[in-house]
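Dropping a structure here in structure tokens format, bear with me for questions.
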Amino acid sequence: MSITEILFWFLSVLALFSAIMVLISKNPVHSVLWLIIVFFTISGHYLLLNAQFLAIVNIIVYAGAIMVLFLFVIMLMNLNVETERQRNIWMKFFGVISGGLLLWIFISASRSATDISEKNILMGQGNIGLIQDLGKVLFREYALPFEISSVLFLSAMVGAVVIGKKE
Amino acid sequence: MNAIILSAVLGMVMMLCSFLVKNKSSLKHIASVGLLILLVANITDTYGKALFTFNTYDMFHYGRFGFLFNSIAIGSTLIYVLISGKEIERSGRYVAEYFTLIFFVLCGIALLSFYNNLLTLFLGMEIMTIPLYILTGSDKRNIKSNEAALKYFLMGSFSTGLMLMGIALTYGGTGTFNLEATRNAQVIYKGVASFLEILGLLFLLVSLAFKVSAAPFHFWTPDVYDGAPTVYTSFMATIVKAAGFIAFIRLCAVRMAETNTAIDWKLIFAIIIVSTLLVGNITAVFQQSVKRMLAYSSIAQAGFMLFALMSLNDVASEGIILYAAAYSLATIGIFAVLAKMKDYTFEGYNGLAKTQPVLAATNTIFLLSLAGIPLTAGFFAKYYMLAAVVKTGSYIWLVITGVLFAAISVYYYFRVIQAMYFKDGNSATEEITPSFKTGIILLAGIIILLGIFPSLILNWLYF
Amino acid sequence: MINLIFLVPFFPLLGFLINGLFRRSLSKNTISIIGSGVVLLSFIISIILFFDVKNNGGIVVHYFDFIDTESFQIPFAFQVDQLSVIFLLIITGVGFLIHLYSTSYMHAEPTEHFGRYFSYLNLFVFSMLLLVLGANYVVMFIGWEGVGLCSYLLIGFWFKNDSYNYAATKAFVMNRIGDLGFLLAIFWILNKLGTATYTEVFEQASALSPPDVTAITLLLFVGAVGKSAQIPLYTWLPDAMAGPTPVSALIHAATMVTAGIYMIARSNALYSLSHLSRDVVAIVGLTTAILAATIALYQNDFKKVLAYSTVSQLGFMFLALGVGAYTTGVFHVMTHAFFKALLFLAAGSVIHAMNGEQDITKMGGLRKKLPVTYFTFLIGVLAISGFPFTSGFISKDEILIATYTHSRVLFWFASFAAVLTAIYMFRLLMLVFYGGFRGTPEQEHHLHESPLAMTVPLIVLAILSAVGGFVQLPEAFGGHHYLNDFLSPVVPASVPEGAHVAVKEYYLLAGTAVGLIIIALLANKLFAVKKFAGVYTGFKKILADKWYIDELYNSIIVKPLNSIAGFLNTVIDKSIIDGIVNGTGRFVNYSARQLRLLQSGQVGNYILFMVLSITVLFLVFWNQEIILAFLQKIF
Amino acid sequence: MIALLLILIPLASGLLCFFISSERDAKSWSLFASILTLATAFAGTYSFLGIPSLSFDATWLPSLGSRFSIGLDGMGKMLCLLNSIAFPIVFASVYKNSYKKPGNFYGLMLLMQTGLMGVFLATDCLLFYFFWELALVPAYFLCSSWGGEKRIQVTFKFFIYTFTGSLLMLVGILFLYFKTTDHSFALQSFYHVKLSAPEENFLFWLFFIAFAIKMPVFPFHTWQPDTYEQAPTAVTMILSGVMVKMGLFGVIRWLLPMFPHAAMHYSHLIIILCVTGILYASLIAIRQDDLKRLIAYSSIAHIGLMCAAIFSSQRVGMHGVMIQMFNHGVNVIGLWIVADVIETQLGTRKFSELGGLARRAPALAMLLTVMALANVALPLTNAFIGEFLMFNGLFRYNVWIAAIGGISIILAAVYTLNMIQRVFYGNNSLLTDNANDVTTGTKIMLAVLVIVVVVLGVYPQPMLQLTSDTVQATFIKFHP
Amino acid sequence: MPIQYYIALAACLFCIGVVGVVTRRNAIIIFMCIELMLNAVNLLLVAFSKMHYNSALAVNTNTNAGIEAQVFVFFIMVVAAAEVSVGLAIIVMMYRNVHSVDINFLNRLKN
């Protein structure tokens, strides 16, 4: 087993474990922290896949900005105590069942997808994940969507102001 | 391209207006002028006179269909602003921002009518939806509005997740985000398409079904439409929903049709259609609030529009345009009247014909149109939908089912008519201005005109 | 002559229109003059026609195309021949007398109703003339239904009384049952021959297959049974006595009820082809004759006795037709018209005198108070009982002879019926005119002989009843069967020839004479009493209650039909059929209430549903061949 | 041109009528307009202006293959004539009644006439469907606004019921449209569609149910008595006098020539249904206590007979149906006028509360009696000709069915005479004691109808000739 | 490394996210679970990107194949950030009015 594989397994197990912990933590703050761990592991995967730019952005945007925002809101609302009452046990049961079914669909679909069964991922190599290549593509082919996404930000900004401003 | 850029620009103009223009009521006029400009720009664009030319690297596809729909969407929004502008003014403090958001939504709609890449689909969808979350929650003191916004947001984000999963899987199968995928991968599943792509398309289908509120992914619709301020419900239920369909039909017509040779999506659509019609029509029957009834009715109408997605032929594409126009116009009218009512229940409409004969008469025309009675645009809309399926030569049972549900739909639409005309009561309305009356009469006139000559719209597809 | 034919029905129609439309503005005298005058005019024209026909034979006059389709043409045409002209004379002649009688009898009515009465009566004459004049079955049917209508209108003339209205409705409905048969017969003829015109039908009759002929003749007979009050449709006729007495005389004795005989006599060419049908006609006729006679024995209503006697006599006529003696049947129609009209009018005179009382148990000993009425009534009774050489004797005698040659068994039964006839008629005579008066003193005080307008018709009819039979006097008595000769171009004569017939005639003559004397004595002994209880027990009660036929019909037809209708109305229509329709609506409503519970308001539930739906869609998608194949198997 | 005028006159006058507020004006205007239509229809029926004026053709929806093409054949002429006769009579007979919002009432009535005209005139299937619905919508509003106390639910049921039927027909129309060789909705293209047997059978039912509901044929009839009972009498007259003819018209004009084999295939079933319906409705009519309901059930029975006669596939029967469509219209309108007179004057339609009216209102009694006799198809009334021919057709089809169906003429006598007896005869009730006879206007109206009844009963030939071309044309395609 | 591993991993994460959305009542946690789903998609996209790159490499060593998936991931992150800002604003607004973020209390709108 190569180092890549060991890392892969380690990160995968950690990611899944943390994700489950996000799910089952009673305390929202703990959930946030577990989620940050998930994000870190995913960034680790990106690094394994040699997608360095995304790995960094992931940490900056998700773990750094978004999760902090979450944390901030939770703190603001004083939700750090275990205020959430337990959901109906049936709901949990069905939730897990439905998740399992969905997972089963994924697995069975990918198992039947023979077109990719032979395919492998190029780990740790290839320069498409590097910032100079990405940048070229982003500002040439994807320049227009990139600009348009500013509309999204504008609307989000307006929205946040409209919604968030206290009257 | 004109529409996309201009709508974004106009949105920013409105933003600036929020602190440049002090008089709130003039905002409506500015927005109307902006919409008019947008409409003209889009029409000139249709005939090859674009203001901006970029190399879009195949991100967009400019077709007659998209242009026509975009014009209809912009035109409907114009009518909507003209009729309901006053309601927008009253819905909250940030009038200019609301107009801004409406323009941004139009930008998203423009993206959806021209997209040729799953990325632009995704972006368009998000640009269209995110302002709607905000508009839904714009009545900040109203808990219902808050609740609707949160529900809409949570479920909307969830469906975004589904959509992204779909996009990722199709990408896995094809190696491209372009809508017209040129497959270099060997076709595997049943001789044609990749298994992963199929699964991805299924996810995409589900997420788009969510956007157009097709059952069983419709659950957000009644709650959100009910909770949102009426004037925005009107916007969401009409133009936005129609845009969802346009996005959907493009996906179906291009991506799914490619995989269509061996894999039949029709059965899936048939199931979705039947359940949509069932849920929409049947549940609407028991509603006590007209607003909520209209929410269910919009689900039911979506069921009919899905016929086009299932059949995917020339009749279907003509039909979905006509349906979008007929349905949007009629629903805008109904909501405009609804917004003037003091009581949203059916009882609130009792005796409207006596107190406000013009409102009652025009409202009747709108309802008749939704019910698909001839001489209104709604008839031809339904006609085209049924014709599209009949033309495919199979699934006649589905057509008959649809027709039976259409008969049920008469039940709840006519309850309003009954209340207005045949029941006694003194329905109270807000003050009705003459300009509102004029607008609504014009709207009714358009519906009747389209009901006699649907080709007035459809000819634009070709000439 | 051709030009005159249409005038025969036209005059009564004119009378109907004038009297009907202007009944409020005309005086009673004018109404009387118009009402009777038009019939008199028709009578005069009929006489002219009679002589014309006698000299030149029959004729068909085509007026216009009534119905013209590719499959058949039905012209509106009249046929005047020997048969129809006889009926014309009876209808207009007797009709005129009865109109005349009515002018006095109905004089107490208000002008408006007086006018209405005469307009109905004229309409009746019109319809009856149409019936006999029609040159095809459809025109006959028009008249056929028309007389039914007039009968309905006249029975219910006094519409304030609900039981009268009921009787009228009953008459019409029972007639309609027969009419249906008639209609089907017409269809059958039209379908097989493509024409309904008599001449063509009879020419081509031999081309019909035996089952067709039998079916047609039997269906025609169903029509006749309805109109001529035979078993099983006779019960309306006694009830029809609710109408004014002249109406009973004209419609329910002299003319309308004989339409059935006219029809069968007219269709003799068809009946000659079907043995079975003739047998049925004969047996039904005879049974009716006996049954009605037995019932008549113990009736206490003056007019009811006469009504049952009419039914019985009609039975005789059918018997004659059934044994193939068509002219004899027609002949009996004629004589019956005379004496039965006479009897009814006399009865009317009595009732008039008794101030509307019809119960014979309340009468008695009237011969002194009403001499003319008594005398004429006596002639009528003698005629109907078959007193030698009265008209009734000759016609009935001929029927019996014809029956005898046809079948001995029938003959004895027919003779029995004839005896019964004599018995109940003498009973009637005795109870009304002999013995002591049993009514109230006021009634006794009121008794008076009727005015001239009523007695003159009585006298005329009495004379006709007495001597009217001589037109068909058998050879045995020196006669010549004039009627047979006259009718022979239309109706083949069927009088048995030969010496042995003459011998039988003498037997019959003797038998009748002896029988009548015995009956007269018995009747005098039994019925000419001072007091008469009118209550019967045992078998008499069964007869007095008319064999409970009405009750039987009530319980096996009317009541079940009514309850079926009620069941259909309340259960099937309201609950089941409408219930299904409304149930669909209610089901939709119910499912709406259930389905909306799905919309729980919980985001978690919503998303759960969505995820599960995705799974289901996925499964469906992957197994769609199986599902489609399954669906295909179902549909 | 005449054909176009027949649609345009009621349409324009109807739209104009909405803006008339004065009751007098609205009445006079609508009466005037309907008489104008009648004059036009007469001109059309007797072709004073030549054959070409009877049809009109214009582009409507080129992309759909539908044209605004209208035309008159014999049956069309007759029904247009009926339609245009019915309205003036109805307007005149309700002239004394007053309706709230008269402009709307008369406007809707005229729009309904437009729809009916269009149905009888259209030679394009989509146009036909258009008018089919157009006739229904005003009826809905009329019944719901001006009807009896249960009007809303009852009319609603009526509307949904018939609407469902017509939507099914729409599916059928669409299916056929895509089967036409030239993708057109024209009558002739529809006639020439080649269909496989299962397709034909399936489409047959789609169309037939729509027509059957409209007629209505047992067991699709339950909307009818309620609607007739609850609708304002003026509307009921049109509904039963003219609108039910739409169903029969549809069967003859569209159904039989399009699906001749299916029609033959199912004729037995349908005739049995119809005959069952005839007896069923007749029996129920016997038990009715309400004048309007009685007429309604009687109408069901008559229509059932017409439908059965159509499917008996006999020319004779078809001739009968043709003439009976007109006659039934006239007769039933007459009956409704009487019912209206009684109801407006006495405020009740219950037999149990009526009686003895003949003495107070002899003219009414007389006129009703004639109409009622026409209802039982007495000879020399117009209905006799129709029923005679129709039963003849049925007889040719099957003797037993004719015999069983014939029972209805007995039952008709029972319930009709029962009605006359309970309304006009017997003792006066409290209500009828103070009744007055009809006004001269109504008297004249009824007298006109009576004259029509008698004239057509004595001399039906013109009517038979008028429609014989339709019968021939129908049987060219539809031959047993 | 076979692509199935990554598909399975992403699918697991995605499904855990879904389960979280269904079972949790706290709006914020639900939102976080949605973010988890998005991340699973991101991971899957990057994996596919490298897979396609790998396949294309066999034909052309200078290939750029698969890069668009990484760009897409970038866009997803952008959108997610925008969504979060709006979403949290809505949650805060909600909290202001009802002092709870428990979605079980969101049941004024139903049936």
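When the chains are written out, they are named A, B, C, D and E in that same order, and each has its own residue count from 1.
Criterion: a contact is a pair of C-beta atoms (placed from the backbone, for glycine too) under 8 Å apart; a residue touches a chain by one contact, two chains touch by 3 or more.
What you see is a predicted model, and the numbers here were worked out from it, not measured in a lab.
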| query | Using direct touches as single steps, what is the fewest number of steps from chain C over to chain E? | reply | 1
| field | Chain labels contacting chain B and also chain C | value | A, D, E
| request: Average the CA atoms of each chain to get its centre, and name the chain whose centre is farthest from that of chain B. | output: C
| query | Which chain is in the middle, if each chain's centre is the mean of its C-alpha atoms? | reply | D
| task | Weigh A-C against B-D on C-beta contact pairs and write down the one with more. | result | B-D
| said: Among all chains, whose Cα centre is located farthest from the one for chain A? | reply: C
| field | Distance between chain centroids, defined by C-alpha means - chain D, chain E (Å) | value | 66
| Distance between the centres, which are taken as Cα means, of chain E and chain A, whole angstrom | 5
| Taking each chain's centre as the mean of its CA atoms, how far is chain C from chain D in angstrom? | 36
| For chain B paired with chain E, centre-to-centre distance based on mean C-alpha positions, whole Å | 26
| said: Residues touching two or more other chains, restricted to chain E: which are they? | reply: 3, 7, 14, 17-18, 21-25, 30-31, 51, 55, 65-66, 68, 71, 75, 79, 82-83, 86, 90-91, 93, 103-104, 106, 108-110
| field | Two or more partner chains touched - positions in chain D | value | 160
| query | What residues in chain B touch two or more of the other chains? | reply | 119, 123, 126, 130, 133-134, 137, 140-141, 149, 151, 154, 158, 172, 198-199, 222-223, 411
| task | State which pairs of chains touch, listing all of them. | result | A-B, A-C, A-E, B-C, B-D, B-E, C-D, C-E
| For the complex, which residues does chain E have touching chain C? | 18, 21-25, 30, 103-104, 106-111
| query | What residues of chain A sit close enough to touch chain C in their complex? | reply | 87, 91, 94-95, 98-99, 101-102, 105
| said: If we count contacts the way the header does, which residues on chain E are in touch with chain B in the complex? | reply: 3, 7, 10, 14, 17, 21, 27, 30-31, 34, 37-38, 40-41, 44-45, 48, 51-52, 55, 65-66, 68-69, 71-72, 75-76, 79, 82-83, 86-87, 90-91, 93-94, 97-98, 103, 106, 108-110
| request: Using the touch rule from the top, collect the residues of chain C that touch chain A in their complex. | output: 604-605, 608, 611-612, 614-615, 618
| remark: Note: in the complex, chain C contacts chain E through residues 596-597, 599-604, 607-608, 611
